[in-house]
Amino acid sequence: MPNNQSGSEQALIALEGVEKWYGAFHALKNINLSVRKGEKIVLCGPSGSGKSTLIRCINRLEDIQKGRIVVEGVTLDDTGKTVDAIRREVGMVFQSFNLFPHMTIMENCMLAPMRVRAMSKADARAVATRYLGKVRIGDQADKYPAQLSGGQQQRAAIARALCMEPKVMLFDEPTSALDPEMVKEVLDTMIGLARDGMTMICVTHEMGFARQVADRVIFMTAGEVIEEARPDEFFRNPRHDRTKAFLGEILAHH
Amino acid sequence: MANIGVNELLFLLQGLKWTIALAAIGFVGGGIFGLGVALMRVSTHAVLWRSGAAYIAVFQGTPLLMQLFVVYYGIGLLGVNVDAWIAVAIAFTLHASAFLGEIWRGGIQSVPKGQTEAGKALGLHYVSRMKDVILPQALKISLPATIGFLVQLVKGTSLAAIVGFVELSRAGQIVSNQTFRPLMVFAIIGAIYFALCWPLSLWGASMERRLAKAAR
Amino acid sequence: MGYVLDFSVVYQRLPELLLAALSTVGLAVAGMSLATLIGILGVLTRTSKSRILRIPTIAFVEVIRNTPFLVQIFFIFFALPQFGIRLNPTATAIIALAVNGGAYAIEIIRGGVESIGKGQIEAGFALGLHKGQVFRHIVLKPAFRAIYPSLTSQFIMLTLTTSVCTSIAAYELTSVAQRIESDTFRSFEVYFSITLIYLAISGLMMTLFSAISRLLFSYPVR
Amino acid sequence: GTLEQAKAAGKVVIGIQGDNAPWGFVNSSGVQDGLDADIGRAFAKELGVEVEFVPLAVANRIPSLVTGKVDVLFATMGMTAERAKSIQYSKPYAGNVLSVYGPKTTKIADYKDLAGLTIGVPKSSAMDTSITAGVGDKATILRFDDDAATIQALLAGQVQVVGGNQFYGDRLDAASAGTYDTKFDLKTLYNGAGTRLGEKDWNEAVNAFLDKIMANGEYAKIYAKWMKREVPKFPESMPDIPYTVM
Amino acid sequence: MPNNQSGSEQALIALEGVEKWYGAFHALKNINLSVRKGEKIVLCGPSGSGKSTLIRCINRLEDIQKGRIVVEGVTLDDTGKTVDAIRREVGMVFQSFNLFPHMTIMENCMLAPMRVRAMSKADARAVATRYLGKVRIGDQADKYPAQLSGGQQQRAAIARALCMEPKVMLFDEPTSALDPEMVKEVLDTMIGLARDGMTMICVTHEMGFARQVADRVIFMTAGEVIEEARPDEFFRNPRHDRTKAFLGEILAHH
């Protein structure tokens, strides 16, 4: 799917013919994807279909064997320089939060701006304060991760990524480790981000969220993208049988 | 002034025999009592775990040499004649049980609480819960540290010279004082210890790798 | 038995013993500090992708851990002068303790480093931190917290091992005790007393260790 | 136990050094040997009992005696007044000329020439005591576990001189011929057998035995075999070191 | 709520005025509950409301400071005897499975019958085989827990508890550690058990399950039971505002 978008907006992220193997296991098969600035993509699919692998390739937590990944004009190659450049522009929020347990929330947020952007302590604190406020946990700044509820931790992880003021945010099932009540607060935070125009790629099975904010829903199975559509179309009229079966089950016991 | 010849080597190997016997005593005694100490340390009974803690503090905190001395000669001073073997068995057991108790306590405590709870919920009584559920898992976790300690214990047997055992190190000292070649003698001794300990260490490391692989 | 314990000999020479005890503590603390440093650097080379760094580290660890401390300290004191390296007993003792403790520390700290979840390291990378920064800021502290008990008990052992340094004539508690013993033949009194002094030293160390742990590792975890 | 008990049991247990050739050592066949061993054997023969040697290290000589694990010590024990408060010495039965040894190139004639040097001695030895008293804190004294380590320290250059017994010269020559020599004598130290304080029976038996072998020439034979020297003249008494139980 | 049920059926489990503190924290406040034989209770409520604490008190994984818990006529007191007696009759399934990792599934199931019921090896194996079949993982019997999927592990945990042939089963969020596709298989197993007449107390937020099998839904908040009703009533017409808010949120983003 070469970049034949309306042209006025250049692709912020482009994956071209990406192939990824784990040993003999073919995890990603000929992935082509291009994301414009401000676009919000929801990625879904059954367990093991390669969703996490895909977004982890984008900020080079996994390497790829074939194809090309371009972020903001920088092509990811094997040099540390392009990796660094890209990681500075791409924030990531993990399913399991991965907050640093030995630092307060504030310290978690200040670390990367100070070490990577060489910000002064005061500046880093100001940035952290701003984003912690944005995700509405400014009052928790001086607590340690273990002292926060799951929802609060996940929002802290979002704030930490935002403090680097990335151009793109990647979310890997950011709500699935949370209990039902906490899901909402994290989703609300993400909806807020989406409204502010952040470019987002989000792995999630929260179909309400997909309906509300996604520009495109992408459905993967067995390492392939088999469906890609606007959310209303995706839910109303899925083309593939596999998609239909999946949607059936996901929506069934809810 | 002799040279280091076959006789001297044989003499050292005689010492090696004692080294192995002493290490075995320490490990068996320490293993049995160490389990007791570990169980005391994880007990919910305050008196039990406090005594366990005190036991560990005292016997980890004093040199093995001094423990041997006190057990062998200190009790002898009271008019009780303690056999050297018994003294060694007692002192090594005290020393090893304190260290193993502490290592195994760590192992037991790193078995998730849910395992105990699942055992309780199934109605298993204390002995079965420990024997069938907790200890096998704890032992697995603490195996590398246990082997590490065994290696240190093998080397620690040299201190038994104070109660008259001519084990490897003491034999080395004797040979060194006959030949006046301490460097050569101790190099040989180092090599013998290495030959004894390294396989143990390797076994421990391979065990560690196996465990790491088993845990997903 | 006709023997009457007489601690007055020890009491008269208590100042000497206490001074020597201080030296023992000094040797132990210096040894531990350097051992920790060796441990941290060793973990980096031990886990390095480069074989040139990794293999020697492994060899170092295995040789040191599987040979007696006495042999190691003899080697440094008596054999190194042949290669032009002549160290006085105190320096020899500190280096031997550091090397011995360091070999153990490498393996212990490595265990801690490996216990850090992959997610923590990935989170660091995802924030744009470099490898060194990830190690320094994200891995090190939780790793030390995880292995602190084994590291400190190894250090208590190291403290007691200082007594072996007497064999290269280093000045420390056991050597002074042996001198007093040989002057007076009051073996029991001397050995009972230094047993208590060693117990006090290790008690002090344990207290200090737990204070450090409270200071550094008191962040809550789930 | 008592002398009577030992005779009844038909065995005397003698504490002896295990690694101090040529006084007392275990030879490479694992048999106790040396001057002390021969005298010990003669003592047992005199009593008409078997001998059992317990090879001891420096650190456990006195505890073994005091706790009754051995009956008597023939363990190269230099006689000093301080030590005599803790054990009962017999008459002296061996002499030991203690000297300072060093490289031929250094000129040392007495204690004051030792100032500023690093001196090695075996710990718990009379050389240690003498040199410590003689130079005080004007020199660095390193105290090693045994003779082998002390000599090795000199060979390795870790010390500049050593205080040693009368055999150091031979050993240094064997290691490096013509390099070292005797600088000056510190003193002659006499060794006595040790028994428990207050136990008349053992002390008297040892003294009677020593008198006998010195008179009948057996002693001279043993001494010549190991020491390769003339038998020294032993003092009749020493201040504050009683030879007998009072 | 003293035991004023229809009388024909005696209460199998009765909690009377139960109070529980964790140190200074009041975790359960005056809990009264009685469960008849064959009854299925669903317990829900916000995080931290005391649901787990409540069911853990029933088989004495937690002790209580006030009140009385009676199971099958046996009053739980501080003696080991009543605790043992009750634990034999009450099975429990944890959110995190808690299978014993060093034993195969078969061994997991055989352990308690052999050690507690003094069953012979052959008998224990027969029982285990029956219940593993019942939860449809008979073919996984000789695998170790780590070799099973989450849903299979949870079903093995259910089988393990069933092997003791308990009178009551307690479930603590048995599906919340599972991914969406695995939830279904465990719920199906539980529905099967419910149909067979097993007495069950189940902490869950699977409202479909509650609708389908519960005789009563109990809603807790801040250590108190504030609502207790038949499921249709509970969902259609919750009385408390807190319940309404909670249901609103749980059902909203599904």
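Chains: A, B, C, D and E, in written order; residue numbering restarts at 1 for each.
Basically, a contact is a pair of C-beta atoms (placed from the backbone, for glycine too) under 8 Å apart; a residue touches a chain by one contact, two chains touch by 3 or more.
Because the structure is predicted, anything quoted here is derived from the model rather than measured.
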{"item": "Chains contacting each of subunit C and subunit E, listed by label", "value": "A, B"}
{"item": "Mutual neighbours - chains that touch subunit C and subunit D alike", "value": "B"}
{"item": "Topological distance between subunit D and subunit E, in contact steps", "value": "2"}
{"item": "Chain of greatest Cα-centre distance to subunit E", "value": "D"}
{"item": "Turning angle required so that subunit A lies on subunit E, C-alpha fit (0 to 180°, nearest 5)", "value": "175"}
{"item": "Mean-CA-position distance for subunit E and subunit A (Å)", "value": "37"}
{"item": "Subunit B and subunit C: spacing of chain centres that average the CA atoms, whole Å", "value": "19"}
{"item": "Rounded Å distance between subunit A and subunit B, as computed from the means of their C-alpha atoms", "value": "52"}
{"item": "In subunit A, residues with contacts to at least two other chains", "value": "none"}
{"item": "For subunit D, residues that touch 2 or more chains besides their own", "value": "59-60, 63, 66-68, 145, 149, 152"}
{"item": "Touching two or more other chains - residue numbers and ranges from subunit C", "value": "1, 3, 78-79, 187-188"}
{"item": "Chain-to-chain touches, reported pairwise for every pair that qualifies", "value": "A-C, A-E, B-C, B-D, B-E, C-D"}
{"item": "Touching residues on subunit E, where the partner in the complex is subunit A", "value": "46-47, 176, 179-181, 183-184, 187, 205-206, 208-209, 246, 249-250, 252-254"}
{"item": "Subunit C residues within the subunit A interface of the complex", "value": "117, 119-120, 122-123, 125-130, 133, 137-138, 141-142, 145, 217, 219-222"}
{"item": "Residue ranges of subunit A in contact with subunit C within the complex", "value": "59, 61, 84, 87-88, 90-92, 94, 96, 98-103, 111-112, 115-116, 144, 146-147, 157, 160-161, 164"}
{"item": "For the subunit B and subunit D complex, residues of the former touching the latter", "value": "1-2, 5, 7-8, 10-11, 14, 69, 72-73, 76-77, 81, 161-164, 166, 170, 173-183"}
{"item": "Interface residues, subunit D side, partner subunit B - complex", "value": "18-21, 25-30, 54-57, 59-60, 63-64, 66-69, 145-149, 151-152, 170-171, 174-175"}
